[in-house]
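Some structures to go through are shown next.
First chain A sits with chain B, and in the next complex the same chain sits with chain C.
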Partner chain A sequence: MSGVTKPLNPRGTKYERADFPVFEFPVVGKARYNYTTGEALGRFLAGLKEGKILGTYCSKCGRVFVPPRMYCSYCFREVDGWLEVRDEGVVVTAVMSYISATRARLERPVAVGVIKLDVPGRQFDDHFFPGLMHYICGAAEEDVKSMRIFGAKVKARWKPPEQRTGSITDIECFEVVRP
Partner chain B sequence: MTSRNLNFKHRVAVVGAGLTLFRSRLQETPQELAWLAARQALDEAGLTLKDIDCVVIGSAPDTFDGVHMKGEYLAEGAGGIHKPTVRVFVGGATGVFVPIAAWWHVASGLCKRVLAVAEEKMSHAAKPHPQYVFRYIWDPIVEKPLNPNLIWIFAMEMHRYMYKCNVKKEDIALVSVKNKRNACGHPSAQLCMPNITVDDVLKSEVLVWPVQLYDISPTSDGAAAVVLASEEEARRITDTPVWIKGIGWTLDTTHWTNRDLAFPEYVRRAAEMAYRMAGIDNPRKQIDVAEPYDPFDYKELHHMEGLGLARKCEAPVLTREGVTQRDGDLPINPSGGLLGVGNPIAAAGLMKVAEIFWQLRGEAGARQVKKPVYTGLAQAWGDLMQAGTVIVMGI
Partner chain C sequence: MRVGIAGVGWFGFQPEVVDYSFREMMFKAAQRAYEDAGGLDPRKDVDAFVSCQEDFWEGIAISDEFAPDPVGGAMKSVYTVAGDGLQCVGQAYMMIKSGLFDVVVVESHAKPSDIITLNDVMLFATDPISIRPLDIGNAHALAALEARAYMHKYGVTEEHLEAVVEKAHRAGAKNPRAVYASPGRSRSSSPVVADPLRDADIAKFVDAAVVVVLASDRVIRDYTDAPVWVDGAWWSTEISSLELHDWSFPVHAREAADGAYAQAKITDPAKEVGFAEVDNRYSFKELQHVEALRLAPVGAAKDLMADGAFCPGGRLPVNLSGGALAEGVPFEVHGLARLSYAVAVMRGDIKAQVDRREVAVIHSWRGVPTTTSVVVVLRT
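Entry: the complex of A and B
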């Protein structure tokens, strides 16, 4: 065993110590994307506009897909059809965000989480279930931080029909249902 | 330990490794960083570029460096000109995927000596913040309109893990404290914090509860490189080759809202593949030192369980008992990990492979683990909590 510590003298010049100008290229334009929604998500978004959460199912393995896919990626076959799931479910995980998408501090923190959706006549374990990420409203900061919110029943709060555009944001949030 | 996988021609060894400094912003261009690391790895192996048959490059999204076709761009500094050169990419799991891809170049008999280089320059994506470019990994239809911050998903995974395993934030913070202290023995380290305490972690800025500032690795610039060689060549190059005993990798679905986040299935499957090849059936006993991926402190615990180095929900207990310290029975992230050395994404994963290489050769000096080590493991993870890459090395 040698007495040295590898890596030996790793190189690199810390920016603050650079003694010549650094080239910074300003943003001169922004590429903007215009995504297609596809077969499955296209119909899903159309459903949201009508106040419905739609999913697809595979009869071979019994999986229900929300967000929907046109194929079962496990059995690798086309799904067998569509079903409407309830616009309510339970919180499987939730967090409290104090920062925005750009990492700026938010004035008021927001709760977001994953909601496992109810499907009439079907049960799902923790390993695979229909679920969406969304905002959670009606929960106190402490309910989220203490994890009391886990397992809580929530229901979609929809925008008024005339304001819906066929977007995941047609649901404003999933609201905690008080027993 | 004999390999149970008979579908390859050559045993493969690591014969040299190199690293740059890891810093939040380095003056060097991505090409220059790649060159600094590659040159050091070649020097350590006592080779020149003429000795290299093929080059494998790894780098995470092009959006960080702000250069498109990053593999082609980096080839210049990575020694890839006029050679069979390829870039591989599996998000944050890329760093360990680079030597995996280099392995099959050699194991297949196609190349005898391969230079594998990983680079990342997050600081180029300066405005508004490097993590903003992660925006493009979300599903554009059902997730991006919610204006997510990347930390959301990790916070959701961490909270789910805490909920299922009944883990306290204090226990998770111990990982951050250990790694940021360990980093003080690493010449490349960005965040050596010799006196950091659990209290400091718990009092740091709350970003997305339960994630706080010191729960996360920093954004970094840096590069890493290793040289791989076939058995015949390796024995010519060095008296102390470190053998690659097993490799494994897996992807899970991007539909992360449909599966349980409490356990990293993608790591378990990748580890099983690597263990089968390395002939490991009891990783807790047969792995002497490990570098699981730790961009967040809870991730080290999560990955230990996925790797079978701890039973489900047991990793926090082992951590509290000191088992994972550098002088413990199962040293975890003796390098200081991403939390301490820094997280130039692909380079950070390859830094872990370099660490196992140096630990197994007894060349880690100030951070050499106390117990004798014969078999080590490095692992990385990436994308929407879906990619797992594992490499098992031995002497």
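Entry: the complex of A and C
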């Protein structure tokens, strides 16, 4: 590197645009899709519209799939049937989110978490369980940040039936159940 | 070490599979392939899985992650190739040849009916700086430019295209999954899309999934009594800039064919190959690809086509299935669609009008604006 002189301005030397004939090009075109829900997720969404969380189960391994699949990915066979899981469960993991997707600071931070749902008569470990990712409401910011929220009981807060469209957002959030 | 096909399964081949998601289509195609491979259990018997797909077709970023579980590959070795299904056959071929793998599953699926802005998505594949701003309106115009260049250079007329279209629909009428086959369809009365291409010259899109089980000669008899051997698999991409590619001839198909023939020790394809399944997503492409694959001298396919050499029962039947013009184009599944049909013919599952079923050559092109072809040589 001999012969390289120290820059006059260590904070960077101004350049003229003409020295670099490079510019950004605006995006042209658009990509839009209409995803087929299929049998499993179609019935799941129809269930949400009715205020129910539906899953499928595999009798061979005992797994319950929420969101449902029509096949068991572990046994590679068609699932054996449908069941309704409870609209409550426990928080497995959660975080506070302070910024939006465009990196703007949110007016009010939101709690996002994963909920292990209760299925009457069945137990699941933390490796594989029927569950949903959703907003957690009614949680103190400190409880989420300190992870005290983990293991807390939560219950779905549903939109009024007339506002449901058959979407994961038919559930507004999972609300912390105060003992 | 030889690599063979132990099982094939497919699902869909409908303009729109409304009832099933892409995952469910994959699962059903996989179930059928494993049943065809003697009831193979993907959780125990398969060493690796390869999926051929493309994020923009899926509408899902990093769609690789969606590949494993519907085909029985959860928590196993799975990877995705952004390319035609035959490129995945090439991957499986190499993996098995390496001696590290005995059974490799190849998968591809497509749901074009899920894409609202299909033309825009196709144009996303053009150079974003030098071509896309031209806003050419219809991606098929890119194929029309190639058609014009080829037809001008080799004296191909619209009557020759008519012959390709007619043959495709007539052959396709005997292929149960060729949903678009319509014998007697008149090319000349169908509207011009991008001159010289009329609506009848352009294959429609179709939803489909195909799964193929490949195995080494060491273990293949555990799964099938009638293996079809993959004796060559080669692919080639000409260049990423359409402006710089050969507009009048698919050099990539020639390169891919020569590579696959060399592997399969085929020196005179026009004599040694019994039948061929090639890309015909545009009518003129069938003529080009027949020539690129050395099944006819360059510029001569049009006359041999007119003489019936490539018809069912002809000297060297090409697209006994009707090809993409009759079955439709299921994006990256297309090569596997051609391959699965040929395998069924070679095994005698499909009674086709062909005298020599021992050697088949399979070709796929990824469509405009790509310059990528794959060629596979199959033997019984």
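FYI, the second predicted complex is superposed on the first by the 158 of 179 C-alpha atoms of A that agree within 3 Å, B and C clash if a C-alpha of one lies under 4 Å from a C-alpha of the other, contacts with A are read in each partner's own complex, and residues count from 1 in each chain.
In the analysis below, a residue touches a chain if its C-beta (ideal position, glycine included) is under 8 Å from a C-beta of that chain, and two chains touch if they have at least 3 such contacts.
This structure is a prediction, so every number in the text was calculated from the model and none was measured.
Undergrad: With both complexes superposed on chain A, which partner does A:Ser167 reach: first (chain B), second (chain C), both or neither?
TA: Once the two structures are laid over each other on A, A:Ser167 reaches chain B alone.
Undergrad: Which of the two partners, first being chain B and second being chain C, lies in contact with A:Val144: first, second, both, or neither?
TA: first
Undergrad: Touching A:Leu45 in the superposition: chain B (first), chain C (second), both, neither?
TA: In the superposition, A:Leu45 touches chain B alone.
Undergrad: Please indicate which partner A:Tyr71 is in contact with in the superposed arrangement: first for chain B, second for chain C, both, or neither.
TA: Only chain C; A:Tyr71 stays clear of chain B.
Undergrad: Counting touched residues of chain A, say whether chain B or chain C comes out ahead.
TA: Of chain B and chain C, B contacts more residues of chain A.
Undergrad: Quick check on my understanding: which residues of chain A belong to both its chain B contact set and its chain C contact set?
TA: Residues 25, 27, 33, 35, 37-38, 41, 69, 73, which sit in both footprints.
Undergrad: Could you pull out which chain A residues touch chain B in their complex?
TA: 1-18, 22, 24-25, 27, 33, 35, 37-38, 41, 44-45, 65-67, 69, 73, 92-104, 109, 112-114, 126-135, 144-145, 147, 150, 167-169
Undergrad: Would you pull the chain B residues touching chain A in the complex into a rising list?
TA: Those in contact with chain A are residues 17-28, 33, 36, 40, 44, 66, 123, 126-129, 131-132, 135, 139-143, 145-149, 151-152, 155-157, 159-160, 162-163, 185-188, 206-211, 221-222, 253, 255, 257-262, 354, 358, 362-368.
Undergrad: Under the definition above, what is the set of chain C residues touching chain A in their complex?
TA: Residues in contact with chain A: 17-24, 27, 30, 34, 41-43, 56, 59, 68-70, 72, 74, 111, 113-117, 120-121, 123-124, 128-129, 132-133, 135.
Undergrad: Could you pull out which chain A residues touch chain C in their complex?
TA: Residue positions touching the partner: 25, 27-41, 69-71, 73-76.
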